[in-house]
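Next come two complexes, and both contain chain A; in the first it sits with chain B, in the second with chain C.
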Partner chain A sequence: MTGASVAAREGRWAWRFTGFMTVCVYIFMFAPIVATVILSFNDSMFGGFPMTGVSLRWYAKLMTNEPVLAAFKTSLWIALVTAAVSTLVGVIAAVALVRFDFRGKQTISTLVLLPALVPETILGVGLLVLIQAVHQPRTLWLLLLGHILLTLPYVVLIVQARLVGVRRSYEEAALSLGAPRISTFREITLPLLIPAVMASILLAFTISFDNTSASLFWRPAGVETMPTQILAMLKISISPEINALGTIMILVTVGVPLVGGAILQGVSHFRKRSNKKGNQP
Partner chain B sequence: MHDTTMSDASSDPRPFTAGDSSQGGQPAVDFRDIDIAYGKFMAVKDFSLSIAKGSFVTLLGPSGCGKTTILRSLAGLVDITTGQISIGGRRVDDVPIYKRNIGLVFQNYALFPHKSVFDNVAFGLKYRSVPKSEIAAKVTKALEMVRLPGSEKKLPAQLSGGQQQRIALARAIIFEPEVLLMDEPLSALDANMREDMRVEIKKIQKETGITAIFVTHDQEEALSMSDQIVVMNAGRIEQIGTPQQVYDEPATGFVANFLGKANMLPGTVSAADSSGATVALECGSDVKVAAPRALAKGDGVTVVVRPQKLSVTSGADGNRLAGRIVSASYLGGSAVYEIDIAGSIVRANSAIEGKPLAEGDAVEAGFEPHDCILLDAQGRRIA
Partner chain C sequence: MTLVRTKFTVRAEMKMGESSERMNTATRRWKLYDTRLAWALVAPAVLLLFFLLILPILMMAVYTFFTFVTAGVESATLTLANWQEFFTDSYYHGFLLKTARIGATTAFICAVVGYFPAYFIWATNFKHKWLLLLLLIVPFWISFIIRTFSWINILGQQGVINVTLLKLGIISEPLPMLYTEGAVVMGLIHFLLPYMILNVYVSLESIDRTLIDAARSMGCTNAQAFREVTLPLSLPGLGAGLLLCFVLAAGSYVTPQLLGGSRDALFGNLIYDTIMGQLNWPMGATLSIVLFVLLGLVAAAYSRYVGLSQIVKGLSA
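For the complex of A and B:
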């Protein structure tokens, strides 16, 4: 047997093994999601296999479940406000950290990222302890502030990374042409940051909408977010309603970034196309 | 050629004027006693320069010599530590960049990637409240000037490097700034494009009559485009002069070496009279040189000979330095030889007669007594 065919045989086995492992990993990753989605259409009274029939009854039941609807609303508006505020503050912070020199810049740059490194549970307890130390009640505002705190580091990281890649000479050119600093930011810097801004909004929304552990500590009495509501429901029983709720959660958290990405691509595509059209004589 | 009439601006240790200021009036740009420090590092020291209206001045020097820093200080992108800068007689030290009325061209073009060519070129007009109808006409004219008419709707990414730089040039001059600043605008282009652009930039500058300051480390660009060249080294001005002056009459050893890689042969004056001297070179030979003024016996001097003036062909008169060729680069009509003369290496760029010489050949490198420049012990040209 020649050396080459040995190598080829070894290569073939290596490929087979890699393929097998890949399939295993994918099954492991997606099986729970698929199971949840399938079981949400199960007609059975119990939230597990076997399927006894296909039905939308759990979705219908969910729509009349007041606590679930309230939790969904709470989560949705907290996620939206978090995404908006975090992105606004994050963009300003990133511009300051990348484009300006000031004392203690390095320290601030590290401190901004710290909440992303500290375990969420610690952050959750920490904020709670702080609030109690200054004798403030737990309110929705606290929950909202907490979510902003959790998402801000990611926004700063994303925008910083993009801004480093935006050459300063673009801004210098605009300034030299007579555009004051605010106009330069609006006309040059911000449009070049749009991909990072969109990514920030989507990521902040998803992080906030998904957050469980910190929200458990921060929510005011009687208020539930979607994840904490699911936890509460699980404590009583594994109702098939959970599967329907889980499917809706998956739809929102996966769907929002996908739709956002598609819109972004559509916009840039449209821009390019209209541009090409314009060039034809 | 080294008569005393040459001892004007070019040999003055700190000349102030670049460009033809004989027409009088205010200089377009005036730097006075500029120091620029980055922390403890002095990027520019004691820089004074006055630039006449309509002239093309090049700041030439190796990287890190402070030429870009000076340009950026004029643009308002770098703060000066001391001194004052005026544009058209108006002090601009405290004027923000967007009110200085300057055109800026960058090495990397810096066209706004998300804006069309039209919006790029019109950008400066928009901030000068020029009426819309006028903007369109001016953009059309500017694009014709840079020979890219009809490209209004393209995006920068759809243009080649050379085209992008022409658009950048149009964008920088369309609002008729008081001075056009160009920071190594040709360095990112390939060699052929660079030469075309050189001619084009010079042509447009002449047509518009705009005062231009050009920063480069490329001596060919500087020599071919400039009215005046400011040679800089380590944050200081080495010499200001016309291209011919800085090349033929370098004020210092640095200038002689930076422009044209001259051979520097250190030695001591062994005999002198009113018209010339004999110098005992450190490499062992005695050479006769023409001196612009009487030298004293025992003076330390450096004899500077351009590679083009050093001939390896037989039969030349004048000084002969015996040596051995250590490397030969054939260039077609001529060849560049590196010759080892008793341990020091000199370069000769010589026409080829018959067969080019080869490595290891014994040769005599020769030059005429008047084909050299003399530097004193401080490295300044003896004039």
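For the complex of A and C:
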């Protein structure tokens, strides 16, 4: 056998091994989640295998679980407001960081990323110590501000990445024709940024809705967000009800971005098509 | 009129002649890319970061010198007692070492295991590559707490593994897998693998593929081309992934709480208990600052050699 064919065979085996490992990793990533979804339909009183029957009773029970519903409402509101404020602040900051040159720009760019790199435990304690130092009670405002801090880096990163690809000559053209800055932003820059803005809103919403570690520090006494409520329920034991709750949350947090992305793609596709039609004589 | 003429306004004036008067009105007082306007735009973000990030960390640093009186009460009498306690009590050192060990183990396994899928996605001719990438991003959308507790359904006494093995008669007693250090590491790997894979993938994607063809045409075998070209060029991504995994694992709190036993608590749990359980704010602040400084040192050492920009690439991927 020639050296080349040995090498080729080795390469083929290496490639197969890579493929095998890839499949294993994907199974590893999703097996626990699949198990949770399956177990949420378990008829048994206990969370765990074997399945004793298929039923939706745990979903029905969930709908009457007052603490869970309250936690869901809290999380939903916090996540919505966080997404709105964080995106607003992040977009204008990203515009300044990409389009302008000023002293301290580099420092601010790095600073903005810090909340994503510093462990949540430290962010959580820090804000709490500050509140303690000025003798203020923990309120929902604290939780809200904290979530805005946590999501800001991601918004700025996403919008920056998009804005770098938008040529500034469009904006400069509008300005040179006498358009005020605000209208230039509204008519030119913002429409070009829409995909990034939508992505930011979705990501900020998901991060806020999902946040656990920092929220444990920041939440006011007696208030639970969805993840902290799950954590509290898990202290007793894992029940089919928690599996059902997990399944619903997976549906919401995976479904919303997927549907959102699909709609966005559909809209842009539709626009392109109608533009083409409009251009035809 | 003291209008500062940028290159742009001059050019526009030359082009537009009489309409330049109108444009001057539009840009009066403000240059096109005026520094003051830039500051006005970043002001909300900077204020937010100052009051919610910088000030709290400074306040924590000050708190480390405060005196603990009783649960929830401290006085502003300055003392070194907290630092002395931290440096002399081996209880804290044990936590620190264990946290570093678990963080390093997790990061290392993530790197070894995560390289394969990253390489596969990069090199495959599979038409629906986007699907493989999407599947890596989906975990980020699934609640972290759900991903973590779902391991109870796999590893627990009534989990998939134990029930299957019992049914097959391989074991007669459920294996104690949950609430061990192994379970904690596994949970952390599950949480951190997508970060690692995406970082390595981004790094691979930036490699000029003709370099590999060149190596092959010079007589390198596939393995040699990988070892000499692909692997070295993907090291920045691997490094960024290692740093990110280590920092996030070392700062974790929920995973050990859910999947570990009482002996598997990490530094994050120690901080939480000190603050929320004992209400010892000065000591809690001290421990937080310790973690912050140590992880900061790791990141600084890293950025000296690789640069933090790689992390940014990974995060925005």
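As a working rule, the second predicted complex is superposed on the first by the 277 of 281 C-alpha atoms of A that agree within 3 Å, B and C clash if a C-alpha of one lies under 4 Å from a C-alpha of the other, contacts with A are read in each partner's own complex, and residues count from 1 in each chain.
What we mean here is this: contacts are C-beta pairs under 8 Å (C-beta built on N, C-alpha and C of every residue); 3 or more make two chains touch, one makes a residue touch a chain.
Everything numeric in this text was worked out from a predicted model, so none of it was measured.
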Have a look at where A:Leu140 lands relative to chain B and chain C in the superposition and call it first, second, both or neither.
neither
Partner chain in contact with A:Leu264 - chain B first, chain C second, else both or neither:
neither
One more residue to check, A:Leu76. First (chain B), second (chain C), both or neither?
neither
Please determine whether it is chain B or chain C that touches the greater number of chain A residues.
C
I'd like to know which partner A:Leu175 touches here: chain B for first, chain C for second, both or neither.
both
Given the touch rule stated above, what does A:Ala84 touch, chain B (first), chain C (second), both, or neither?
neither
Does chain B (first) or chain C (second) touch A:Glu120, or do both, or does neither?
second
Both partners, chain B and chain C, contact chain A at residues 172, 175-181
Chain C touches which residues of chain A in the complex?
7-8, 10-11, 14-15, 17-19, 21-22, 25-26, 28-33, 35-36, 39, 46-50, 89-90, 92-93, 95-97, 99-103, 105, 108, 110-123, 125-130, 132-133, 145-146, 148-149, 152-154, 156-158, 160-161, 172, 175-181, 206, 209-210, 212-213, 216-217, 226-227, 230-231, 234, 238, 242-243, 246, 249-250, 253-254, 257
Interface with chain A, chain B side, in the complex: residues 75-77, 96-104, 106, 108, 110-114, 116, 123-124, 127-128, 150, 153-155, 158, 168, 171-172, 175
What residues of chain A sit close enough to touch chain B in their complex?
167, 169-170, 172-181, 183-184, 187-188, 191-192, 275, 278-279, 281
How about chain C: which of its residues touch chain A in the complex?
8, 12, 16, 19, 22-23, 25-27, 30, 32-35, 37-39, 41-42, 44-46, 48-49, 52-57, 59-60, 62-63, 113-114, 116-117, 119-121, 123, 135-136, 138-147, 149-154, 156-160, 163, 167, 190, 193-194, 197, 221-223, 247-248, 250-254, 257-258, 268, 271-272, 275-276, 281, 284-285, 288, 291-292, 295, 299, 308, 311-312, 315-316
